[in-house]
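Please find the structures below.
Two complexes are shown next, each including chain A; its partner changes from chain B in the first to chain C in the second.
Right, the complex of A and B next:
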């Protein structure tokens, strides 16, 4: 198990190098001079050249990239062209805000999705099943920013129960969470439904029925627990989607998260901030995936056996080869 | 089974209907535009008949009351610094906030252009480049010290060092500035321009004391934590990415006009629709920088008050006259001018709230406005345009390119269609801001729409045609000029007599017309959406909000 975790952690290195290389390459091919951008349109050519020299922009791209990666390893993600502040210090508080929204969204999406999925499975091929399908597909089909504006219109403009923008109060988190969460309901519903239907058809469920267990006990005690394994896996993978969705919605809701920070930085061609933001999100996502994978192994003992037996098989093969 | 399918279909239909119902405000508003638009629009229409020619800006009576209420103003983006002059920046949002915190020596009456007393009670030109100011004796700075001429000299030092590359520092001769006594200061300028006085009313020329800046931790720190100045409001808090909060300055020298609201909160929301909905919901009282194209929708919405106003800047279509460019041929330029439907362009550019410009200056700037074209001269003449193209050797048509930001694309589309009628294929390159700046600087275009603020004869006036500028920082323009034109503009800027200056500018405009250097398009507009009961929209500089002037009806 420890080896598995170490292996996964080592895999982070090529992933992050790949992400940073791609974004760094984009920076070099995108027109516009960062030095000119920092100094403004009124700066003289001499001043711009001096700034280029100071920032090392005249060095070969590979040198700039290696220098950047060396900085990242030491916790230096660069300095924002716009504010002159370290990128990491700007992103850190925003990361917390984005994390709250993402986790809230996943909780809302999973709760509603599982609930609808169970309902759909229990009422399979009835009108309830169809209605659930329509509702969940609806929220998946409509773009999130449209849902966002509709939610603002209902809850802020008409009902005056939630703030339209900003997160000055905890109530401000509700709409962004709801908006991202609703878009993932369909996924959870489908997985829960199919998983529940599969489990409900298993022999041990039939045995439970034969033993006189109540339907509620069978559904929620025996079937649901086993049906939740693929759902839990999809929760992990949907975290990434939620972070992506949150980027757009943070802009609409005026939420000071990493997504809005990156979007603003892109429009301002503030490359260190874009690069830093993207890298930090990539790190967060890969770490989350790792945690999710480890937790699956904890939840589902079969996976643990697979990992351990897998490595045992490899060991045996090596020993055989050596002999 | 059929019944179940029917239920499923019905539920799907209900979902769609509920969605349509949720989004019905916009469509309702559009409907209301025709049904009850006259009532809503009359609010702005009445304002539009004022001398300023503005739609709802600078026309309210000033407010003298004070309350403990808070006003929330939604801005599109967050500034990187509040005191821009301290770090060489001129961001629009920063200017708006800075204006609340710092007073300038003079202000301008936005309806007449008249320079008015502020921190300075009087001023006198000592010679062409030196002006002596007498300071008020009842002004206290942030730390409670009295304003002195040393504070002005210190501020000048900041402008000329930290903002040397911007208009804030470019025209001040720091060596020529002296504190004559505690309350008298002489400011030296390195260029002759009587209207530099108007420029001193811009918020970047705010006065700070050295003691305040030192206490704030130096220039860099004070730019972001500006406990400085003597303005109507004091800086309270900056929640990064969220809001900037200011509180009324209880020691403000002008007790009658100290700010109606106790607290001003600026919030930052990129999405214009979300900013406007924040006003509709009551979370905010003002949504600034709304797209003019959406103006009519908000005017028709009776839940909000909409201000649409011009601010002294006409949009101009410039022809690149650099050697080798197709548009360096005057006949081609004239053909394009004849082919353009200026009325249609004005409709699109101002959402119907402005009309085609007949001069280089806007009609608001009555001091310098000359009508250089008649309405008849602005009529579309396709046959005349084709004939000119033929004479220029382009009987079979030609291809041109233009560059612009996202907001100019609709106008370029109109021009594109107009030019298609005379066989000219126009390629529209919509760029992001940094790329636009780079391409427009380097003259990588045939046509470009760029406006110029002409509410005073700033030293930058008609900078597009000054030889010293055209290859440096000027964004757009013809990228070519003549010594005669260059000198004439310089002389008009230096002219002390307003009437003579207006005539000089009229002559320059005639030269520009005769040479077809540019085509005047329409007055550029700002749109602000406010709460129904909000009053007192005043503007500064380029039509930016004066956030201190709002009050409730």
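Right, the complex of A and C next:
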């Protein structure tokens, strides 16, 4: 187990090197001089040159890259061009806000998705099944920000019950969470449905029926528990989408999270912040996925062989991709 | 011999006549049969067809030029003259939305084709050659996948700047891992078949095997991904344009129209309502169609 965790953590290294290399490569082909950008148009040529020297922009790209990587290893993700603050300390407080929204969204999505998945598995091939699939697909296919705009028009503009932007009150969290959550419902519904149908055909369900268990008991105790395993494993894969969707929504709702920070940095061409933000999100995603996997092995030791050999994850991923 | 005409005989004859119809059933004709039986998929197909017609005949449908500003008619609510109202520059929103269909569909098509020629091709290569080639390609794709797709696309647009070619490049690049993975899986499903082995045995070139034996047999699954990705690219394109990282004004793309109306959401919500509805309808229709295609081509997945 320890060996497995170490192996997975080691995978972080190529990921971080790769992600930063991609963005570094993009950065070098960008026109424009960051030093000029920091100092503004009034600065003299000498001042700009001094700033370039200070930022190390005159060194070859590869030297800059190695220097940056060395910094990341020491916990230094660069310095924001705009504020002059370290990127990490700017992002740290925002991580919490984003984490709250993502968690809330995953909770909403998983709860509704599992509920609807059970419903459509029990009523398979009836109109209930089709309606559930169509509705959940609607929210999956429509961009989150459009749903967000419609919700703002209804709840903030017309009814005045929820704030349109900001998270000054806890009520401000409701719409962002709901929008991200609704878009992931379809994925959970599909996986729950197919997994429930598979489990309901198992021998132990027949045994439970034969010994006279009530249908409710069978559904919720015998079938659901076993059907939940692939669903739970798909949480990790859907997290990436939720974080991506959250980025756009944080901007729509004016929520001061990591997503908004990165989008703002993109529009201001503040590359250290973009790069730092992207790296931190990549690290967070990888670590979360690892934690998700490990906790499942703790919950269900049967998974030890499948997860650690990797086939179960691939299966979950495939199911997610198919959905 | 005289024919006996009883209702029962007629019924049998009719049935026989029906049975005599084309005995050849190819996988695609089977798929079409299944697709036709699926009402939601047909609705999706119909809406997509209407959208394509709107895109083609945009100049005939739109009553005004999409970028013509008219300061005498600023911020007018929907009326007979301006079906969807006008924006803060007096531009007719209906015309902009109609032209937006053209732009959105064409850009989405470009993105999807580009994604297939980059990520898709990588996936096909990885799937066919397997072994080390597969490992190297897929590990690189894993690295790309460590960042959410839309974030990757935004980072690329940030560097390249706003505009149509830049956006296509960004979406292509960002979708590479997903495309590669899907197409690889599609190829792997065909690869184990005997006919591939015999094609190899008679000494066909690898290129020939991929192009004329593997792709035609995996094409059903690839069509599903193709239609699905059209919807994904419309979704990404409009999201990115809406937050200002994507296309540049005055392109009448739906996300940009929404961005224009952002400031007036309380005073003139109609400015955002219609483009928003259009995005919803389009994405949903493509997904319904894609879902129907998936059930049609691969009934086992349902």
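Just so we're on the same page, the second predicted complex is superposed on the first by the 304 of 323 C-alpha atoms of A that agree within 3 Å, B and C clash if a C-alpha of one lies under 4 Å from a C-alpha of the other, contacts with A are read in each partner's own complex, and residues count from 1 in each chain.
As a working rule, a residue touches a chain if its C-beta (ideal position, glycine included) is under 8 Å from a C-beta of that chain, and two chains touch if they have at least 3 such contacts.
Model, not experiment: these values are computed from the prediction.
Using the contact criterion defined above for the overlaid structures, shared-chain residue A:66 touches neither chain B nor chain C, since it reaches no partner. When the two structures are aligned on the shared chain, A:163 is found in touch with chain B, with no touch to chain C. Contact with neither chain B nor chain C is seen for A:107 once the two complexes are overlaid on the shared chain.
In the superposition on chain A, A:153 contacts both chain B and chain C. In the superposed model, A:282 makes contact with chain C only, not with chain B. With both structures placed on the common chain, the touch criterion links A:261 to chain B but leaves chain C unconnected. Of the two partner chains placed by superposition, A:92 touches none, neither chain B nor chain C.
By the document's definition of touching, both partners, chain B and chain C, reach A:142. Within the superposed three-chain model, A:171 lies out of touch with both chain B and chain C [touch as defined at top].
Residues 130, 134, 138, 142, 145-146, 149-150, 152-153, 157, 164, 251-252, 263, 267, 269 of chain A touch chain B in one complex and chain C in the other.
Residue ranges of chain C in contact with chain A, taken from their complex: 40, 139-140, 142-151, 154-160, 178, 181-182, 185, 231, 235, 238-240, 242-245, 258, 265-266, 269, 272-273, 276, 279-280, 283-284, 286-288, 291, 294, 301.
Looking at the complex, you find that chain B touches chain A at residues 3-5, 7-8, 11-12, 15, 19, 22-23, 25, 74, 77-78, 80-81, 87-89, 165-166, 170, 220, 239-243, 267-271, 273-275, 277-278, 280-284, 432-435, 437-438, 441, 473, 475.
Chain A meets chain B in the complex at residues 31-33, 36-37, 39-44, 47, 82-84, 90, 93-94, 97, 126-127, 130-131, 133-135, 138, 142, 145-146, 148-150, 152-154, 156-157, 160, 163-168, 251-254, 256-257, 260-261, 263-264, 267-269. Listed in rising order, the residues of chain A touching chain C in the complex are 14-15, 18-19, 22-23, 26-27, 29-30, 130, 134, 137-138, 140-146, 149-150, 152-153, 157, 164, 240-241, 243-245, 247-248, 251-252, 262-263, 266-267, 269, 274, 278, 281-282, 285-286, 317-318, 321-322.
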